[in-house]
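Shared between the two complexes below is chain A, which has chain B as its partner in the first and chain C in the second.
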Partner chain A sequence: MTNKITLRSDNMMMGLFALAILTMPIWLMPIGASYPDLMQKFAIFGIFAIGFNILFGLTGYLSFGHAAFLGVGSYTAVWSFKLLSMNVVPAVIFAVIVAGAFSFLIGFISLRRSGIYFSILTLAFAQMSYNLAYSVLTPITNGETGLQLAKSDPRVIDGLFVEAGAGIPSTNFFGIPMSGYSGFYFCAVLLIIGFYISLRITRSPFGMMLKAIKSNQNRMSYTGLNTRPYALTAFVISGMYAGLAGSLLAVTDPLAGAERMQWTASGEVVLMTILGGVGTLLGPMLGAVIIKYFENIFSAFNETLLNNIFSFLPEGLQEVVVSVVGLFVGEGWHLTLGILFMIIVIYLPGGLVEGAQRIRDFVGRKRQKKTSEAHQPQIAE
Partner chain B sequence: MDEIKRGVSRRGVLKGGTALAAGLAAPTFFMRNVFAQDFRNNPGDGGTVTFGFNVPQTGAYADEGADELRAYQLAVKHINGEGDGGLLNTMQPLALKGDGVLGKKVVYVTGDTQTKSDAARASAKRMIEKDGVIMYSGGSSSGVAIAQQSLAQEMGVVFMNGLTHSNDTTGKDKRRYGFRHFFNAYMSGAALGPVLEAEMGKERRAYHLTADYTWGWTQEESIKNTTEGLGWQTANAVKTPLGAGDFSQYITPVLNSGADVLILNHYGKDMINSLTQAVQFGLRDKQVNGKDFQIVVPLYSRLMAQGAGENIKGIFGTTNWNWSLQDAGSQAFVKSFGQEYGFPPSQAAHTCYVQTLLYANACQMAGTFYPPEVIKALEGFEFDGMGNGKTLYRAEDHQCFKDVLVVKGNENPTSQFDLLEVVQEVPRSQVEYDAGIFGGELGPYEV
Partner chain C sequence: MGILQVQDVNKSFGGLKALHNVNLDVEEGAVHAIIGPNGAGKSTLLNCFVGRLKPDTGSVMFNGTSLLGIAPHEINQAGVARVFQTPEIFGDLSLIENVMIPTLAKRDGAYTVNAWGRVDQAAEIREKAEHILEDVGLVEKQEMHANSLSRGDKRRLELAMCLVQEPKLLLLDEPTAGMSRADTNNTIDLLKRIGERGITKIVIEHDMHVVFSLASKISVLAQGTVIAEGAPEEIKGDPRVQEAYLGGAHL
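Then we have the complex of A and B:
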């Protein structure tokens, strides 16, 4: 870390981050990603990954069960829509609280172990929650079909203020509907707040303690410090972030399915974090954007589209190129993602943020060289 | 930390950020009003209209999804007047002219549902928000279909269900913007009952293995009602997770349960696996209660029969449609599908093809793409020449009513596709039911 971290540079970063997020609809246009649903996903999974990074990036505890908190958040939010109000505020608040309580329970047990045992424990808990949601708790979760709103839901608070309309009402933030662009801005604002909190945690003495746990937990114990409360706090905070992300999924699309809690979903957030850069502030967000982009855009490429793209090639060559490229898009998007992931883990263990760092260093060195060269008198110039 | 005094204050950044957010948000709100449409994704004066085809390309139902996609592509061709016209030649009454829909050429986008509700809705939203589809269609899992159908209602874009067999799709989860041509579990039960009685008698003990989601539940319920009506007993009904792969732990208990019929409420690769394992465990060679042990697969498809190979011989079930039907519509469809792809279509392909044509035809009849008008054109629409005889789109629940086929795994197939033998074409009147029995509400036309 050669760069001096100052409050000023942090504020700079915060400002730039907020600007980048809020202008997403503009700069994502050229790559075809500027439609509300995908941008909502960017923001939501950004929150999820940033929260996950507070645990994994700072304390080094690799949780393989974070999707459970995401799912709990979603179910809580949908139940809040069903029972209380279509306003998203109670849904978000309850989801964060319930996910926090749930992660306290799981964290309290799982954090008795560290390393691989901790990962396995969280994985087991998440899989257990998934199976519970899938079959045992069907009355609460509606199993595989997913929990949905119905017209006959009580909606106690809404019932006091407004007359029921003809259809199922939509989620709203004091009257602003939470689908489309307004839904995105709602998620984006929460993402920026979440990012700011994560930044403050990283820079705080508490964050320092978490990093100390990562670097050498034994030494911390020998100095007489009980690290578990710190790790548990980090676990609960990241569980709350996951709950927030889960509730936002329900806010933008009021449906909660058990597959949100499956281990693949837990693995996805690990991938996002590693892809972007573990322990960095911006990395997880970056990873989330890339994975969601691949999932939504690459998976939609079909043969006709490819043929259009490569129509400038001569006929025989076009067929060959289309059939080769076709393997990596459409249903083969996992393959592309896998290759990208391998390349990054092998060559850039620090994720994309490390890549950016290296490029900056490279350019910086060149410039330095240039300035030092400039000091020497040169006739050609 | 002497830097604190210098530079931008936190307060300043926050203030600036908020102002920026408001500034950025404002144009999008105004823009929405400037481009206000009378309905979502109005094709307006453009020369094309976009359909979305959202099918499972990965997961337990991927085979069906691939065949559905072929059918959709064929349907688009025929609507645009390319190829041999397919069912446009046999459909009665027909408003389409083979020049697209209302003079606009049809183009399409595709997506992968991954047989997951979340992924399907994300994919559907991409189609609606980014690609501007006027209608989307797809299927192969009822859970996913129901999730997409409720999205259709929220977004105000019509969803034409592909393969979905749960009673809930047009029962308690029906929606004004969702339509189903495929038959359902109730009809399977009603059609299968008399045949089972004739083949297996009135004193049987049935054991159910059921895919654990909406379709499995309703099929188990419908079949149970039918068999118990015949006087059969139900030994047990066990739920199995979707995409389980290995069913041996569920099949072993069947042997000791005293049951003499195994009913597999499975579909796709799940059915292939469970049936193959049941046969490998020697269930069919057993004698229980002095009777031959029997297996029934209430919902059958040729693709599954292909996957299960020898094991399906003599096993009873129902299908929506089979390529061996001899009416003009079926023949025309098999011919154009065969010419295009070199093999006969599955029932999934058939229902998806028909759904696309029905939607296009309804737009042509309504003279507009405005969804409420299109929906009204489809409701109560009666047509013929699409492969199942006279068919009615019932207005009360958006369910099609038509003849149902009871089939049996062919003992002596003449080709690799000749796998199902039609035992009986059960007439529509025998499978009809009252629209009110499953509850649910369609919801409003305008959203």
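Then we have the complex of A and C:
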């Protein structure tokens, strides 16, 4: 029996989540992750994974093309900076709208199939988008170089209010520059809002319908429900989250490149969600933080650093160890990620949230034995 | 004129003729039983009513409109609900959710996005669902996952999911298969009680005890053809029926 999910328990979770996110600069300090650039990444990819989970976790439809919407969000945001204003608000709003429209198109076609065929369709669309961005649509995307700001950009709205300065102006939230901690807090607030929306969706009648899609589509249609528009709505919502995440990447670093749309980026969000726990509320955020943290640490290692670390070993052995370990760090960090992922899928298919739950159950049962209490409820979720 | 009229329905699978010129006229308010040996085409016939299969030829009219070529969810929204031979339920969801979903489908239609309300606070829907679960004797298990139920309980859950929609026509494909005698009797009582609500029912059943205690009319299907039709007493004595059932072993 699981603990009953109530409004109170949800409000509590929401409060703790917001607190944990806003105090990241403090509690991430001991592990050396409390600098804005990295925390921004946690927040942005958290948004991406939380949105992805609305589709994958609730409906069970596994998209391999969500990086396309991330890319669309980035391009839209940069164009908003170029044409309208360096204020991030219009950039974020337009990115979400355009990514939503784009995901409606791709979702409409891909959702004609389910299972592996759906996944392949989304993958194909994302690769098409990548290739379009890389070469065909160069006037819009600036191809290989990527879309960048220029001093000569029109910025029509900004032009109405301020004189153009000497250099390229920086992105701002009504004057507050989006660099350093203010940039992180802007992303953090959007992450908290995004988490809240996903919580509401999960607990809502609409969310229950999405879970029904995952559980039994046949029963759903014989029950009088039209499954396709439900799945499409979930697809578009998750596409809008991806667009938001993409725009925030551009907010903190105003350029957009095609590589953001590549299949590896789509695969990464799948990994984050599975690592943390598919279909759980906190799992995707957890997965995003862990992957981005380890990416940051492992990819920073290089040969000189490794040689320093292993300098206590005898010369021959040191070389061997460094070359073996070197496979797993730096450029090779994806190898580590792959192994981590395999371990999770094989031993903990429910992800880290399930792992935490098991540990709690185990501890709970031990304590129960000791005090011989009658009832020890399991945590929900 | 009946609520469901089936005319000259034919359905083949490859070379196998599963249904051959089937005619059926189901009276409003009736409990119409379809009996026949395994593989006679009973389930196939129901599949033609709910949009799972399209007959090769023939027509299926419900309340004067054709059920052919429209989607399963539209058929349900028109008032037809079905209990399947192998239970179709939402296995990963709790029992109460399993019943709330059809309740919402009935109230809000085939597609409604209510992404801001809370399921645990939808008191009206929840009460209705609990009430039906009480009727089928599953209310204590309402927070359990549907997958963890016994086969008999799954059937009763599926029945509850159909009943909560108050359909005009309820199709029951072997609703007591896999149930103990006591559970079977409970189900008969339940079906009799809902009979008073004026729901027309088509029941496929092997258990003759169930058939004769419920049915107001019986059609006998053998090898895809209706070989006999009439009131229960007529069917009991029909030699063709006895023959189709291998010397009347089941009767």
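In the analysis below, the second predicted complex is superposed on the first by the 345 of 381 C-alpha atoms of A that agree within 3 Å, B and C clash if a C-alpha of one lies under 4 Å from a C-alpha of the other, contacts with A are read in each partner's own complex, and residues count from 1 in each chain.
The rule we apply is simple: contacts are C-beta pairs under 8 Å (C-beta built on N, C-alpha and C of every residue); 3 or more make two chains touch, one makes a residue touch a chain.
Quick caveat, the model's predicted, so the values are computed rather than measured.
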Fit-or-clash call for chain B and chain C when the two complexes are aligned on chain A: fit
Which of chain B and chain C A:6 touches, first, second, both or neither: both
Partner chain(s) touched by A:222 [first = chain B, second = chain C, both, neither]: second
Contacts of A:168 with chain B and chain C, given as first, second, both or neither: first
Touched partner set for A:300, first chain B, second chain C, both or neither: first
Partner chain in contact with A:19 - chain B first, chain C second, else both or neither: first
Which superposed partner A:83 touches (first chain B, second chain C, both, neither): neither
Partner chain(s) touched by A:157 [first = chain B, second = chain C, both, neither]: neither
Touched partner set for A:204, first chain B, second chain C, both or neither: second
Winner by number of chain A residues touched, once chain B and chain C are compared: B
Angular separation of chain B and chain C about chain A, which is computed from CA centres of the superposed model and rounded to the nearest 10 °: 140
Minimum C-alpha spacing, chains overlaid - chain B and chain C, in Å: 5
Common interface positions of chain A, toward chain B and toward chain C: 6-7
Contacting residues of chain C [partner chain A, same complex]: 50-51, 71-73, 76-77, 81-82, 84, 88-93, 97, 100-102, 104-106, 108-122, 143, 161, 165
Complex interface listing, chain A residues touching chain B: 6-8, 11-12, 14-15, 18-19, 22-23, 25, 32, 35-38, 41, 134-135, 143-146, 148, 151, 166-168, 170, 179-182, 185, 188-189, 192, 249, 253, 255, 257, 259-260, 295-296, 299-300, 302, 330-331
Parts of chain A lying in touch with chain C, wherever the complex brings them together: 1-2, 4-7, 200-201, 203-209, 211-212, 214-216, 218-227, 229-230, 233
Parts of chain B lying in touch with chain A, wherever the complex brings them together: 1, 3-4, 6-10, 13, 16-17, 20-21, 24-25, 28-29, 32, 57-58, 109-112, 116-119, 121-123, 125-126, 129-130, 142-143, 146-147, 150-151, 153-154, 168, 173, 212-214, 239, 241-242, 441, 443-444, 447
